[in-house]
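Below: a set of structures, written as structure tokens.
Here come two complexes built around subunit A, the first alongside subunit B, the second alongside subunit C.
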Partner chain A sequence: MAVNWLRNLASRRSVPVFPVLGVQGDKALRHLTLSPDIELVDSPRHASVLLVAGEIPADRFEPLRRVHDQLPSPFTTLWFRCEPWPHLESVIRVDDLDVLPAALVTAYRELMKGRRESSPRILPDKPPNPWEGEGDFGQGGEGMMGGVPYGRPMAMNMEDDIRDGLTLDSLTFRLGPFFFAFPPGMAAEITLQGDLVQTWKTQLVAYPQSLDPVFFTARERPVPIAELELARARHHLHRLYRGLHLAGLESASLSALRLAQNLSTTSTLDGLHRYLSRSGFFRLAAIKGGVLGPEQARRIGGPAARAAGLDEDLRSDDAGYRRLGFSPVSQAGGDTGARWRQVLAEIDQSLQLARQAERDDMTTSEVDRIETPRGPWLEKRPEDASALLDEILPGQEWGDALATIASLDVAAVAEASLDTQTASEPRITNTLDSEGGRT
Partner chain B sequence: MALTTLFVILISSLGAGILMQWLPMRHQPRPAWSQRAPFLGGGTPDSHAWSRYHIRYYPMTLLLIAFEMEMMFMYPWAVVFVEKGMKAMMEMGMFLAILSVGIVYAWREGVFKWQ
Partner chain C sequence: MIVEELVLPVLMVFFMLAAGAYTVAVLDRVIAGALGTPQAGSVWIVPLARGAWLMTQHANATEAPDWRAWRLAPALYLSLAAIGLAVVPWSGSLVATDLATSVVLWGSVEALATVVIFLHGWSANALFALIGGYRYVALGLSYILISMFVLIGVALPAESLQFTQVVASQGELWNLIRQPLGLPLFLIVGLGMTFWGPLNLADSADLAGGTAAEISGPPRLVWDVARAAMLVAFSGVATSAFLGGWLGPWLPGPLWVVIKMLAVLLVLLLLGRLLPRLAPERCVTLMWVVLLPLSFIDLVWAGVGALL
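== the complex of A and B ==
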């Protein structure tokens, strides 16, 4: 009786969902963030529903199995635009973004009321390394730190410290590809010493991000500058949303996302800018690291390069933009804070350009030299720049490292935008204005 | 009597607490091994996370204990000093000498440098 009452009570709360992002699953993530009934959580431990959003490449199946099993019982899974594994029984697949929140709520309510069975665990229920039963504490060796408890060695100070000479135990682990603070799909092997990143090796690069279709159209024929600039601003706002979420400024991140959703030439950034200054975002210690040198900045290109003082922007070569009096904005610092200031400045500039271009009805003139929000697109699309992380992250503290990753748009640009790839599926662009790309 | 009442209240509240936790959990199996693995976004660890790391407030703690103990001991000592005179003075000198080793160590560690 009491349990039934508790179950009813539990089923009425917002649905705790852990999203596992597949290729182009970020769009579903943004849609759910703004759904009032859904609470997206950053760890499977807090979730009751596992959402697999987007196609998961085969090399990420093993991590997905591990994450799937880490949800506390009872839990259920829902696959969005992804074929569920055949050995899983009674799994829901949803393809329409509009019905996704309702499907998640229904699945959760049924689960809580006992009308749906909890998903079975996929991995075998046995210790990853069996108990050795040797040593004073069963650690399988001599002394307190000598053994390998559960067959897994203790962390040891094997490497010299790179900060202040105080050698600490180094901890090596692989993080990702379903870690919320990484770009979707990215995985890395990391060695930490205390809170200091000692080595960083990117093992799986982030999924290529889809840009707004207008950037692909702009490669074929002149397009209205207003449309192009709004798409650019939206892309940056989506990135800002992820950065602010990481910084713990939840309401600011949501207002960035809402602004991106309702973006028009009359939108302004003033409110968000004021909020960020007041909330102390620009005074955070974590955004003072991640300085890019000129050579590194050139390799990633785009806003990150301009934040490091490089004045390179292909829009300067475009006659349409020149008539609007365009000149690239740039920052001097090249650190994480400078990159976020640059992103805000570019959103502001894009909105201004869009307003002017709409009034004067301007179009682009160049088709083979496009400045995408990710970087310049000359002969080739902007490529993956994860190799940069391996260079700049060692030596940073963990918080600074995550802030640096969030501020760098490392994912490559996908071959075609989402709309052209899934033309057979129903169009869903009215729920969120457009693809935007990786957030 | 009052003690017995208190004892009964303690036992019954503890019993109720344990019962409330045990009742819903009695048919629940232990979490599976795969559920108990550390969450690394799908990744795996190489070693246990039981590693020695530097608590950065440690010099402050050291300093607090060094000065705090000094002061704590000095209050009762001040009372005894009137009676015992020079003997108490020497005892306190020895105590301070030992304690100041900690302060010298903290100095060497750079505690007094403002960072």
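== the complex of A and C ==
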């Protein structure tokens, strides 16, 4: 009885969900972030529900199996717009974003109350490699380094430190493709000394990201500038939300997300901008690293290039934008902080342009020269730029490295726009704000 | 004799551990809600539901952890929090253990916390937990030094290392005013020592939970309760050292202590929600270049004040 009582009580908390993002899964993530019944967690160990959101490419099945088995039992899984693996029994698949939070809550409550079985483990519970260390704890062998326990060498000092000469044991590991602070789908092999990145090799590039359909329409015919600029501002706000979440500014990240969901030509960025300045985001947080040189900046293009001082923006070539008096904004620094300042400035600029363009009913004039929020789209769509990470992350501390990744929009632009079902971002009703404040 | 000197103090500390951790959970939730985090359910029930959830969950394993150390570390941290709570005086006579050297005992709690937090990170045999442990060790010394100088400052006018004496010495003027640098320094150090909010570098978001990234079930419950209780113990020490402990008009002494501790907790939790996480490198610079010299000035100020 006591256990039943405990489980009943446990079912009353918000649902701890670890999201595994597939292609276009980030929309579900944003929807759930603003749902009061769901708590998204960053480690699979802290979840009771594994949410597979979006189609997972076959080359990421193996990591998914490993993440699946890391959830502490009892746990359950839910697949959103993705076909569950046939050998998993009694798995729920949901396709409608609006019913997703409720489906997660139901799954969790059933699990807690014992009406649903915990998911079975997929992989055998044994080390991936046999024990080959010498001595009980791998302490034997030459120089007390103990062979290769479980297929990995003992952490030992093979290379000099690249910062201050204080050498520590090198630690090599693979991270991703479902690590929350990476762009969805990206995986890397990283060597650290302490928390300083020594080498960084991107092994799987991020999934191509889908842009708002208006950017694809703009490649075919003139579109209203107001619509285009609102879509651009929304794209940047979504990135800002991830960056601020990583920086530990939860309430500011939620403000950015709410602003994106309810964006219109009357929206302003003033409140968020003021909050970021006052909270010391630009002085205290890990935003000093990740400086891009001019050549690197040109390779990634877009806001990151303008944050490094390049004054290039295809909107300058468009007659419609010229009539609105458009001139590109840019920063000098080229580091993570400069990129966030640039993003804030571009959101501000986009909202102003949208207001003006709506009043004057302006449309674009160029169709084969489009500045997407990710960068210029001339003959080719903006391509993946994660090779840049391999160059600029070594030498940074872990926190700075992750902040750099969050500030760089490296994923390529996908071939097709968002599908119609997801094209309009779900509108979260405005009551959320007031309700969130009370409970 | 046994009841008065053993049973009652132990019961008192257990009560403070439970009530304190619950209070922190409720307060933090209220603050998060006020700042716009969407929340469902009653603010009073949800912390309990979260505890029940962790009780029903299995404690997971990692690949070849140091089992004994991994299971022991949360319990050790909880014990350290309990020791901290035991030296907080609630009135001139109501204190779980009124050691003549209770200020020193608190200092040792701060130092041992470094060991326990590193043990917790290291023993999981997992990447993020290890980095979290490394980070705390790299930063812990700077917190402890500042904390010690500030506490020596309050011991000087009391001419004693006993918290009850430190409170009694503030009858005329609280140390908050007598040593204006003390409390701000001590609060910043407190955020670091309890790795909370902007100075949560050991269990931080960029490490997916740091030393706690790999734990689930009852060990995680103990770790979370211990962290909250340590914050309460810290606010109790800050109350005794700077805010005159039980001293105050009209209300009974223990009630004054509760009010003052809640005020300190509120400030710490608000800072935790409003500020971004500091970059570790900037944190080291802040501690050694700015706060440590300030703590020297605080100590000189306190010494001169005691001589005059």
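Going forward, the second predicted complex is superposed on the first by the 393 of 439 C-alpha atoms of A that agree within 3 Å, B and C clash if a C-alpha of one lies under 4 Å from a C-alpha of the other, contacts with A are read in each partner's own complex, and residues count from 1 in each chain.
One rule holds for everything that comes next: a residue touches a chain if its C-beta (ideal position, glycine included) is under 8 Å from a C-beta of that chain, and two chains touch if they have at least 3 such contacts.
Predicted, not measured: the structure shown is a model, and the values here were computed from it.
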Exercise for review: Go through the superposed model and pick first if A:202 touches only subunit B, second if only subunit C, both, or neither.
Suggested key: neither
Review point. Once the shared chain is lined up, is A:182 touching subunit B (first), subunit C (second), both, or neither of them?
Key: first
Practice item. Check whether A:123 is in contact with subunit B, with subunit C, with both or with neither, and answer first, second, both or neither. Key: first
Check your understanding: Counting only touches as set out at the top, which of subunit B and subunit C does A:296 meet: first, second, both, neither?
Key -> neither
Check your understanding: So, A:267: does it touch subunit B (first), subunit C (second), both, or neither?
Key -> neither
Check your understanding: Between subunit B and subunit C, which makes contact with more of the residues in subunit A?
Key -> C
Check your understanding: Just subunit B (first), just subunit C (second), both, or neither: which does A:331 touch?
Key -> neither
Check your understanding: Looking at the overlay, what does A:350 touch: subunit B (first), subunit C (second), both, or neither?
Key -> neither
Check your understanding: Counting only touches as set out at the top, which of subunit B and subunit C does A:398 meet: first, second, both, neither?
Key -> second
Exercise for review: Please indicate which partner A:9 is in contact with in the superposed arrangement: first for subunit B, second for subunit C, both, or neither.
Suggested key: second
Point to revise | Common interface positions of subunit A, toward subunit B and toward subunit C | key: 3, 43, 45, 70, 72-73, 127, 149-150, 171, 173, 175, 179-180, 194-195
Point to revise | Of subunit A, residues touching subunit C in the complex | key: 3, 6-7, 9-14, 16, 34-37, 42-43, 45-46, 48, 70, 72-74, 112, 127, 149-150, 171, 173, 175, 179-181, 192, 194-195, 245-251, 254-255, 258, 279-281, 284-288, 397-400, 402-403, 432-433, 435-439
Review point. For the complex, which residues does subunit A have touching subunit B?
Key: 3, 43-45, 60, 62-64, 66-67, 69-73, 121-128, 149-150, 152-157, 166, 168-180, 182, 187, 193-195
Study note, to complete from the structure: Residue set of subunit B touching subunit A in the complex reads 24, 28, 31-35, 37, 39-54
Check your understanding: Can you list the residues on subunit C that touch subunit A in the complex?
Key -> 32-43, 45-46, 48-50, 52-53, 55-60, 63-64, 127-128, 130-131, 134-135, 138, 197-198, 200-201, 204-209, 213-217, 220, 273-282
